[in-house]
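Listed after this line are the structures, all set down as structure tokens.
Two complexes follow with chain A in common, the first pairing it with chain B and the second with chain C.
Take a look at the complex of A and B:
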């Protein structure tokens, strides 16, 4: 099932320098996204999902330090790239769709100007061009209009002349998607896409994006705290807890059965229309400055064993395509619980 | 922004629509309209001074001892001065000096202050600290005192007065822009443009700068009045324009000794100063209301 990898995160560890001390926010995570694959990174707020996405684009805040690891994109380590090289990757090869459509557009420019800006300054190699050698404007403009049409914006021609403040939240989100897809990146990072919108619009936009990336052959990393979203859009799910990947599985397999106690709790916490409200998980995400020494989920885990606070459980393949970091499961394909 | 030329009709239509709306908000304030009226009148006086002035030759070192100290009359609306020059004509020419002075000083202040503010605000580090501490030193002294000191060191000419005032004025713009950039650089659209590959200079000048124009324009308008006030102050003290240049400050200084009997020598240039400063203040207040509404609408809009 594993396709040719497009992005490979290996043993990524990121620490933040804070007043309280060194916060170990990302603790050696591995993540692979295949070509044309949609992957969801799921976890509760504060578990390090967005930091992972920002690390991929090199947009970490200044107090963050990448302690170890690599992020291979088409065989190139993004963490080794500097300034200009990294800028060529951004937008052109990896693009990000921002979560808050009301602030991610510059309020003083029209939609058309913001879209055109992206194209006018970049050639197909992604490098900044000189004034004289730019391509015909009408052609670029047509590309923008086509892209707006692709994200199902009605009357894209007139949309080009509108300011962000004139648009509804759903329309702005569509414009942001158009902006991200404009340069046909191989990988799209969608950070909490549609969280700021109401549920019906969110569903609609997610469905459209899913179809769109499929037809364009793009890979997507969905970052979400919403399991419903992950189920709807992704092929594979990475469950993240406190800066570590605790379970990886094909989406349908994960929703059929969860191995890691955290995944189980996460699913039980989803409110349902019928029956009682889910139980949730006791406790909170641990303090990153002094996290539990071994398994980070141990203090909240209903199945904790003595070994849990001594040895960090490695991510092991417990059945075909499913990887779990928990002492409950032995390394072989078997199942001991 | 440079791409606006490429942008076709409908975008220009939106721009026009925006302007029309802004104008209708501006129009709702009577005082702002009065201010605009005064400024337009002063601008017209400055531009057309040679044609409007009944005695354009009186602007310079003309003398006519047969006509000294004539009180205001039909022939001389504002009377004549100690060497027989028409005060009305000289006040009209004075508008040229004051307005061009304001424009030049503020252009210099803008050219120095805004880039420094952008740099200090966007990048943090010793360069930023250095810029802001120098700015603080300048702001600690009242600008008129600093301008006096600079003007006194240089030769007293109009150009040197401009230099002196501009020298004291740029820190205000650095401070203003610095504050704006600090909050704007946290906005999601800045990170969004970084994520599509924009470099830092591009972000600073093409994403952030256009968002700071509203407060800058408001401040410029209000400052026009203050700069004119400082300039007339310098001229009055003999550190700016020298006689026979018809600068308002110089005219008051010259006419002051003939008070109160020949009151028109100093009163009319004084009124001109008063009107101009008032006009710019009213206009600036009006513009601030227009921009504030826009900002509130945007922030409040879901």
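Take a look at the complex of A and C:
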């Protein structure tokens, strides 16, 4: 069932030093992405999804501190890597598709120049080797054009000479995907892909990316607040709440039945075409400087029990392939591997 | 609106601006107290002589008639007669303008060549010692009076160290084509003369540039800090681009284009401050000439110099607009 892991996050804890004090934003999360697997990380805005992705790439803001944990990628702990080693991982092995196509492209360079820069500056080994293996510009350019064609940009040749400001949102998003996939990474982090676009284009792009990564054998971590997106593109779903993973399940299983009260609330909050708009969950994400002592969802939970503010519920396997961090569910049969 | 139409419009805007400038300086030069004819002829001249000169100069006519006459001459390239140098003002300007153009241009180049890298350094090393040092230097640069700095530079480099000349532009290169010594010596392939001209330029140009340098540095720093926070910088890093490309190519091009406007404006400050520096370094430039003319109430010279400087300022700002469009495609493609 479980595929060979490509990326393994173990007990990752990240604190932010803020004016108000130490914000415990990521609180010991575990996350595994198998080879060729598409995983969705779902949660509401501000729950730490993007921080997790940035931590993988080592692109946390300066006031963030990784307190503990490890991020193993192909057996190497990314958190132990120095600047230059990490840079060689970025883009080439793990790439990120940014969420806002209007700000993630550099406004003053053409699409072609931005693509070419990635190939020219990132594909190098040492300077000696670069000199020996330097490939002609025309060849690199062809690679860029091919990649634009792969992300279904019409007339990729002329696209190379265009500036981002000349493009529609959908086209910019495709260019961002091309930039991320250009070095054929093993793992792609898609942060709120298409959220800034209108729904029909978002669906189209997601579908295309899904097909693309499948044919290229890439693994993807989709970060989204939209359960519909998660259902469409992922094999497995991690539900995140306030910097903790509260439920892990195969996608189809999760949509059949949700165990954690937060997952239930999240699904109930989805507006449907027929009937009323969703119910929503009472309250808001807790303050990270002084979070609830045990279960972080306890203040908003409709089923809260006395134990919920005393003991932090561990993530336990309650049935095969399903982990839940909630006192409502005792571990199944004791085998938790 | 295409970028070409935009530039054309900017070009057309220059015309009313210069007209306004000419009216303003024309009126101002004539309402300040003192009689130019009396000043020119000296205290021994008789009242009749003074009156006659006034008539010759047309000073007895109404202001509007004087102005229209003057502008009529201007369009034929006639700047009028200078009472002080006893030549046509156009000739004076031709002689003194290149020296000032050379001085201010080199000063501007200094300001950009030093201000931009220091600003970037300050932004990248924000709140570290390098940043604090550059910022303190920038503050000092803005605060120091130019003439005082000029004298200090003369003392240190010319008097104590003796490695740079104290005053003047040095000997003129053998061929005079533009009057800009650096250019003339280069065109004549006379590198010795080029070096001499450069040596004479270093101190005055640096003294003149300090204010703009500090201004550019502060602006580039602020813009860079802002740009470095943007998504595209994070995205560029996520593709694995080396930090030098992210900073000096991706962020700087964005930060610099917004600094450009200020560079254009600061050229005006350079022209204004050129007088102080030209005085200290005995630099035979237009600013020096203009102020002398002003003290002498040499009306035609004052108006002529002002208009020429106004044109220079307008041209530089037009160049800035062109550069702006080159650096930032959003300007070029704006509809």
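Note that the second predicted complex is superposed on the first by the 321 of 337 C-alpha atoms of A that agree within 3 Å, B and C clash if a C-alpha of one lies under 4 Å from a C-alpha of the other, contacts with A are read in each partner's own complex, and residues count from 1 in each chain.
To be clear about the criterion, a contact is a pair of C-beta atoms (placed from the backbone, for glycine too) under 8 Å apart; a residue touches a chain by one contact, two chains touch by 3 or more.
Predicted, not measured: the structure shown is a model, and the values here were computed from it.
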Clash or fit, chain B versus chain C on superposed chain A: clash
Contacts of A:118 with chain B and chain C, given as first, second, both or neither: both
First (chain B), second (chain C), both or neither touched by A:137: first
Which superposed partner A:29 touches (first chain B, second chain C, both, neither): neither
Contacts of A:157 with chain B and chain C, given as first, second, both or neither: first
First (chain B), second (chain C), both or neither touched by A:147: neither
In the superposition, chain B vs chain C on chain A residues touched: B
Clash-bearing segment of chain B relative to chain C, given 2-10, 56-64 or 164-172: 164-172
Intersection of chain A interface sets (partners chain B, chain C): 57, 59, 83, 87-92, 95-96, 98, 100, 103-110, 117-118, 121-122, 163, 165, 176, 179-180, 183
List of chain A residues in touch with chain C within their complex: 54, 57, 59, 83, 87-92, 95-96, 98, 100, 103-110, 117-118, 121-122, 163, 165-166, 176, 179-180, 182-183
Chain B residues touching chain A - in the complex, by the definition given at the top: 1, 3-4, 6-8, 10-11, 13-14, 18, 187-189, 191-199, 202, 206-207, 210-211, 213, 297-298, 301-302
Residues on chain A engaged by chain B in the complex (per definition of touch): 57, 59, 83-84, 87-92, 95-96, 98, 100, 102-110, 112-113, 116-118, 120-122, 126, 128, 137, 141, 157-158, 160-163, 165, 169, 176, 179-180, 183
Residues of chain C that touch chain A when the two form their complex: 230-232, 234-243, 245, 249-250, 253-254, 257, 327-330, 333
